[in-house]
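All chains are identified by letter, namely A, B, C, D and E, in their written order; residue positions are counted from 1 within each chain.
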Amino acid sequence: MSTQSVAVNTTANTPKQKAKRKNSALQTFFKNPRSLVGVILFGLFVVIAIFAPLIAPYNPSSTNFNMLQPPSASHIFGTTSLGQDVFSQFIWGTRATLIVGIGAGVLSTIIAVLIGVTAGYLGGVTDSILNAICNIFLVMPGLALLIIIESYVNNSTPYMNGLIIALTGWAWGARVMRSMAMTIASRDYIAAARLSGASTFRIILFEIVPNMTSVIASNVMYACLAAVLAESGLAYLGFENVASTSWGTMLYWSSQNGAMISGAWWWFVPPGLGIALLGTSFALMNFGIDQVTNPRLRTSRKKKDVQKLLKELQQSQTKGVSTDGGQ
Amino acid sequence: TTNASNSTSTSGNQSVTTSASQGSASTSSAVLTVAPNVTGSFADNFNPFSGTNSVDGTLGNIYETMFYFDNTTGKQFDLLGKSFAFSNGGKTLTVQLQNKAKWTDGVPFTANDVVFTFESLKKYPDADTNGIWQQLVSVKAQGKYTVVFNFKAPNIPFAEQYVLGGTYIVPQHQWSKLGDPAKAKITHANAIGTGPFKISYFSSQDYKFTANEQYYGGAPAVKTLNYPAFSSNSSADLALASGEIQYAGINIPDIQKTFVAADPKHNHYYFPPNNPVELYPNLRNPLLAQLSVREAISLAIDRNALSQKGETGYEQPAVPTSLVLPPQKAWLDPNLPAADKSFTVNDAKAVKLLEAAGFKKDKNGIFAKGGQELSFNLLTVSGWSDWDEDALLIKQQLQKVGINVNVQQDQYTAYYNSIDPGAGQTPHFDLAISWTNTGPTPYTTYYDMLDSNGSFNIEGYKNPSLDAVFNKFAATSSLSQQKQYMYQVERVAAEQLPVIPLLDGALWFEYNDAKFTGFSTQSNLWIDPSPYNYQSAAIVMDRLKPVN
Amino acid sequence: MADNKPVLEIEDLSVAYVTGSGLVHAVNDVNLKVYPNEIVGLIGESGSGKSTMAYTIMRLLKGDAVVTKGRVKILGQDVYQLSKKELRQFRWSKMAMVFQSAMSALNPVMTVETQILDALLSHRKDMTKEQARARARELMELVRIDPKHLKSYPHELSGGMRQRVVIAIAIALNPALVIMDEPTTALDVVVQRSILDEIRKIQQEVGFAILFVSHDFSLVAELASRVAIMYAGRIIEVTPSDLLHLQEKHHPYTEGLLKAIPELTAEDVTIQGIGGYPPDLQDLPSGCAFHPRCPYATDICRRVRPEKLAVGDKLIECHLFSEKELVSHV
Amino acid sequence: MSNATKTPATGTALLEVKDLVVHFPIGQGQFIRPVDRVSFSIGPGEVLSLVGESGSGKSTIGKALVRMIEPAGGSIIVGGRDVTHIRGREIKEYRKEAQMVFQDPFGSLNPTRSIEQHLAFPVRKYRANKGVSVSEQIDELLTKVGLTPVAETRRKFPHELSGGQRQRVAIARALAVNPKFIVADEPISMLDVSIRAGVLKLMNDLRNDLNLAFLYITHDLASARYIGNRIMVLYGGKVMETAPSAELIKAPTHPYTRLLLTATPGTRHRGPLPETSNSAPNLLEGRKGCPFANRCPLVTDVCRNEEPPLRELSSGHAVACHHPA
Amino acid sequence: MRYFLNRLGFLILSLWAAVTLNFILPRLMPGNPAQAMIAKQAGNINPSALKAIEQELGLSNGPLYQQYFQYLGNLLTGHWGSSFQYFPTSVVSIISNSLPWTIILLGVVTIIAVVVGTLVGILIAWRRGGTADNVIPIVTMFGQAIPSFWLGLICIYFFGFIHHWFPMAHGSGDDVTQGYNLPFITSAIYHSILPAFVVFVGSISGWIIGMRNNMMTTLGEDYVVFAEAKGVPTRRLIFSYAARNALLPQLTSIAIALSSIIGGQILIEQVFSYPGIGYGLTNAVSSEDYPLIQGMFLIIAVTALVINFIVDMLYGRLDPRVRRRGATS
């Protein structure tokens, strides 16, 4: 006997599953209260950065106000010793810090992906060389390297600093990307793609990289956090053009002018807290992405909750559940 | 201002720290903690020929010059020298030396030590950073306590500043074996001097001196000097505000609130003006070479804003002559026109001047002539935050009159290379904030800044008639004549604006007189009070008296 | 099935996974008994709930799995009534389990010996280390590995050797029941065969019951005396293994499986698959779960879930046999 | 439906492999040789089943045939053209003729790309000149492998398909270039029993309809026999025995073939497993003797020292053993 | 052995790279350091003095390769030149003064953070979903995101300046004499508490979360379930089966953390005026003391690479699989 239609009907019971699965990654991400808080926090800073010109009441570098005023209705974060409005500086600083942080984070991730994936996919001598370079960058303490480079680069703007941070901070990501790419490269679909004539470039870009999105996203988050901290550290040490307005330079000026000792907490608390909150938002989102990537990390519900959920579900969908033998 | 009962109020605060760090209260009362400036960490270098590279106290506390000429008061203090006299038309200098001085290893100090020191500089030119042997012909001892110097040409300011007041005498019996003095390894273990203090303890974050009991001027009352290191202004500020330091030269913000208020009875400060801070226009730039442009810039700068905001009120606006007033009041030409005596902001006049010179505002709102905008880079040093702030303020002020300024902060080396790239090289900058050299008379400042051969003529000013005035000044020791020459220079400075004075740079000086009194204070300013002026600080600390 | 007491009794067991999108009914109304010294095969396709059942018996369910109904008794003791401490002692000394993949069941950073000793010493407080070592050597010999490999790390052994080590650990405490969850799927045919021979030999020597989980029909048919066939979390048929061929009447699913395997030595080979594919355990079909794929499905199959019926020596859950008399669980 | 009776296509072989050698460096200048002087040929529309235990070199042969690996020795002649050492563009050209289907249905499709995307690239690259739109050709391919309705399937992603469906997509992708010959590397070993049959049948149909040749790699003798015209048994990188399927099962001559048969479950007539060790064969370059020697129940000294040549016993039945049964 | 040689090869290669980079960087720099140095001693510059100082600073004008070999020779013989800032003090002596401070403070904190973080990570992963698991990662995450120097400043202000509980700066008190004496050691410990705390706050999160994630993955492994079924006591289950394996992927991070000890906490040292390498480095950079910068860079690079090498070796000890397989990184 032959063809009892082997054609498998693919329509059966799939549309629902499809919808279910497609959103599940995003759902898991947003269902997690931590990543949600992270996203909201981050969104807030993004809004501030985008609408900085509308939100900031004054020109951030204008020095026309009274010096070292504590917070008041007209200067809700007070003023600096140069008579600048701290709130306006904070708002504009959000923009600079965010651009530098995200820019450096994204750039270093791009470098990490390029180097890591190339090394992981091509293997052999290319891998050995790239991996050695990567290892050297990896074991070098980042800030020390940055500072040493700064000593040869004069007068750097926050953006220049972002660039330097990105150029020195990609190694950890590259390492992760490399091992990920190695795993993916050993998958059969890569071999299949090669068999169907795809070029190396095409394989890296269309076959490997899309499968690393979560790792890449996670790396971006981590790199952004590191970049924001590095930038503020550099600025604090004075390795940044102090005419620019970023949270880092705000901290630099407040510390140079003894904001703390003269009790001007309104000057140094906002930028520090801003960095901490922005950093936390990156960390929280990263945490969420980790849970999407690795289902094992999802914290399971407590026993109590499971029982409760079970009851609810059973009540709401009695018809689908097997009942006792009798019927 | 000292009062025994009041010292308990501070020690209430301090007892927590001291008891926790197990310090014994009895010894700490005889200790004077000094923070001449914010130094990150110390290297064990007590070589007086290392200049600023040796740790504070090397010069003054241990090694001494023959005399000290105080810039602030104009006074002369005798150290290893008792007296000096010029003869032979200013070409010969005879010095009588101390006959009671002893090196700290017990060997007596003699004229041979002085001769040896100068001969060493001749033998090892790299140690002669002041270029003494470019002026000097010979040094001879006459007996045990007399030395005679012969110069190529009369240059009395030079002789006073560098030979008598700028060369630290080292013991021949030790240094004759050391070779090149600039490379000699002098550490806390082998530093032998004649000064009032001896080094007693050294680590990279803290070092101490004890009183030299055999000091020819009598043993100092302060038995221990303590020099801790601070990484940054803010950490030094905190230490000063919390009473850990008694004698400091730190720019601490909001000093009334942060320092004085902590202990109003004993915490005092005085920031006397010391050296003018200038805005140097590069006169090789054809735009800046025009007097009207310089004048417009000068008119638009609000020096009061710089003083209040940039310098938090610690430094006063400068005067057009670049004289530091009141200290150099004696040198001020009494007949100077009022306009040359002080600056006033006048944006309207600045605009008018520029328009008269043929400048027109272009579409960017910047004055321009022949397609050339009045747009300049303003160079400052990155990390010198008050200058950086001043630069930001100047940028805003000049913007208002249609002059564009880009603030450019460079690391110190790059900055210095731009303004003074070395012999034969042209400086490359448009505008730069920078300092002036100072000396016992305005001559030093003016000569270095305005003479064609001046060592700090970075703006490139050339005026043969002024050069001639400087030559005449150097050759005379008559005060009234000297003054006449200076009056001429003052006018040129104020009216030609070869450099644009901004502020009178201050000396930083804070002190706590709960334990010791006798500082040079605002009411009794007997010497440069700052702790970072090596010789004057040593003299101050030598003469301090304990409260009880 | 003699009158001796069963080692394992599963009564009305249902297990579900609680997930964000609903319940996954992995095991449904399962009844099964295993008697001493018996080998029972449990067959089913991937995802049919075999492993879930194995873990449920061992009380090793993790995370969001819940026993919604029923009981598991080992030697008459309800496993789910034991306290945590009692369970730790009970498990392994009375029931043990061999995992699917031996590589992942052995700790990669510990020597084989340590891992065997851990099992022994955790239960036998009276045992000295020396005695335990001797026993480990004995066990290695029993599963035919040179005892010198006691000092080896798992990665230094071949797949077959590792699986033998896992079996050795499982029988270390002479349990009454050993559950084997696809113990040989990852191995080569020859190695697989030799291990199965080994298992049978040891089982005869030592004497314990085996619940042998697999998806390989022919394998289970050879090894086990009875075979339970699982579909969508239900045991839809229990049959003596010698009746497992197309000449016998079977549940349509069993029949489909038998037709899907090419026969090695038969003259004319014809094979045929089962259309459709396994059901979504979150949204089980109404009535008989197999009806969407069943060539004989009628209206009643869509509406009513069939009861278990005795068909000769077999128990079958299918409306095709509903004229047969209803029997109690075996 | 039966295939065992089908006679292999005669005439010129589509693919001719002679003394194929593959080696891999394992460091310190040493090499292993998982494929050692293997020769065989496949005619158009013929299926050759390759069986052997894990690590015997089956996949390596397959990969060498599609030139994912460059052989170290021997020759591969396809359609009269020597492809043993081609490189670059020539390889890409060659891939129009030879394709591969992999074992793991989960690993052989890219989870981030839709079924359509999987097929579009090879179709565009190799079939564009046919005057038919890419999309129509994709539909045609999907219909060919039985993934209907096509419109629905095209848009899906791999995780929305069952294992069997995925293997069908993998086959469709291989078909996209219109190959003459497909290496199927254990295409059903990871599938459920109930689904395997469908995939096997599909391969059978393709062979019949398109006159496609297959190298079918498996470790399961039953399916090897079911689909293969001939079976070749591999051990330690060497051919142990090769024969028409039915003959090999009925009259195995090599001790290893017999061991395999005995071990295969489901055989009603099997005896006890002979006592053998489980030690893996030595794959190192420069080994001596028969690779099966250390496990062979019939081993003699000559086996350890001399490599048995592949001898023809009867037409199409060859064995490499000093003591064939 | 192969593994060892492989790692050793990497060590030597990267050391060479670091050393060469160190040679190239200052030569790419514009400007004349000697000039800058003399600039600080305001006064007339004597051309012959300039020349002599240039020579002392090793800025000769010979061909580059000659300079390179001379440089290598000097490195090996411990002639790392003299600092500009503290001329003529040698770079080596400055570094050897600050090295112990950094190693002791940061070494100890790093080790404490690794140990505590790892333990906490293990425990919250074991009790996953519990209160601790929900709270600790979030709190420490915030700690990690706070700029360390900012936290340091605030700590100094509150605990030092306002409350006088802890000293505000330095590695030890100025009333003790450095050396192996009790007052000094207690004073040093007392001074290190605040900086240690700040470093701890900044780094603990990574260890907790890293270990937690690894643990969660490992806890799902069959061998852990198998061991649990075997009846292995809980403690042994957690530590010998789960944590031991979960720790392996952490080793890379530990290696990196340990290699950054020397140059890793520059900001903290700066804020606390702590006399270590990081502090020295910032000073050197802000005073453009190139010989010192080079020396510091070299010591940071060398220690980082050497420590990394040691940890790699340790990795081979801990994971029996690595010994065979060769390098995995």
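By definition in this document, a residue touches a chain if its C-beta (ideal position, glycine included) is under 8 Å from a C-beta of that chain, and two chains touch if they have at least 3 such contacts.
These are the chains along with the protein names UniProt gives them: A, E = Peptide ABC transporter permease; C = Peptide ABC transporter ATP-binding protein; D = ABC transporter ATP-binding protein.
Given the structure is predicted, the values throughout are model-derived calculations rather than measurements.
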Original post:
Hey, which chain ends up farthest from chain D, C-alpha centres compared?
Top reply: B
Original post:
Counting C-beta pairs in contact, which comes out ahead: C-D or A-B?
Top reply: C-D
Original post:
Where the CA atoms of chain B average out and where those of chain C average out, how many Å apart are those spots?
Top reply: 91
**OP:** Averaging only over C-alpha atoms, locate the centres of chain A and chain E and give their separation in whole Å.
**Re:** 25
Subject >> For chain B paired with chain D, centre-to-centre distance based on mean C-alpha positions, whole Å >> reply: 89
Original post:
Which integer distance in Å separates the CA centroid of chain C from that of chain E?
Top reply: 54
**OP:** Two or more other chains in contact with one residue: find those residues in chain A.
**Re:** 1, 5-6, 8-9, 17, 151, 238-239, 255, 260-261, 300-301
**OP:** Note the residues in chain E that touch 2 or more other chains, in rising order.
**Re:** 153, 157, 161, 220, 270, 282, 286, 288
Subject >> chain B: positions in contact with at least two other chains >> reply: 232, 234, 238, 241, 383, 411, 414
Original post:
Where on chain C does chain E make contact in their complex?
Top reply: 58, 60, 62, 88-89, 91-93, 96-97, 99-101, 104-110, 115, 118-119, 122-123, 153, 155-156, 166, 169
Subject >> Residue ranges of chain E in contact with chain C within the complex >> reply: 220-223, 225-233, 236, 240-241, 244-245, 248, 318-321, 324
Original post:
In the complex formed with chain C, which residues of chain D make contact?
Top reply: 1-4, 53-54, 162-165, 192-198, 200-201, 219-223, 225-226, 249-250, 259-269, 272-273, 276, 278, 280
Original post:
Mind pulling up the chain A residues that touch chain D in the complex?
Top reply: 1-3, 5-11, 14, 17-18, 21-22, 187-189, 191-198, 206-207, 210-211, 213
Original post:
Which chain E residues qualify as touching chain A in the complex?
Top reply: 10, 13-14, 17-18, 25-26, 28-29, 128-130, 133-134, 137-138, 141-142, 144-151, 153-154, 157, 161, 205, 209, 213, 216-217, 219-220, 252, 255-256, 259-260, 262-264, 266-267, 270, 278, 281-282, 285-286, 288, 290, 293, 296-297, 300-301, 304-305, 307-308, 329
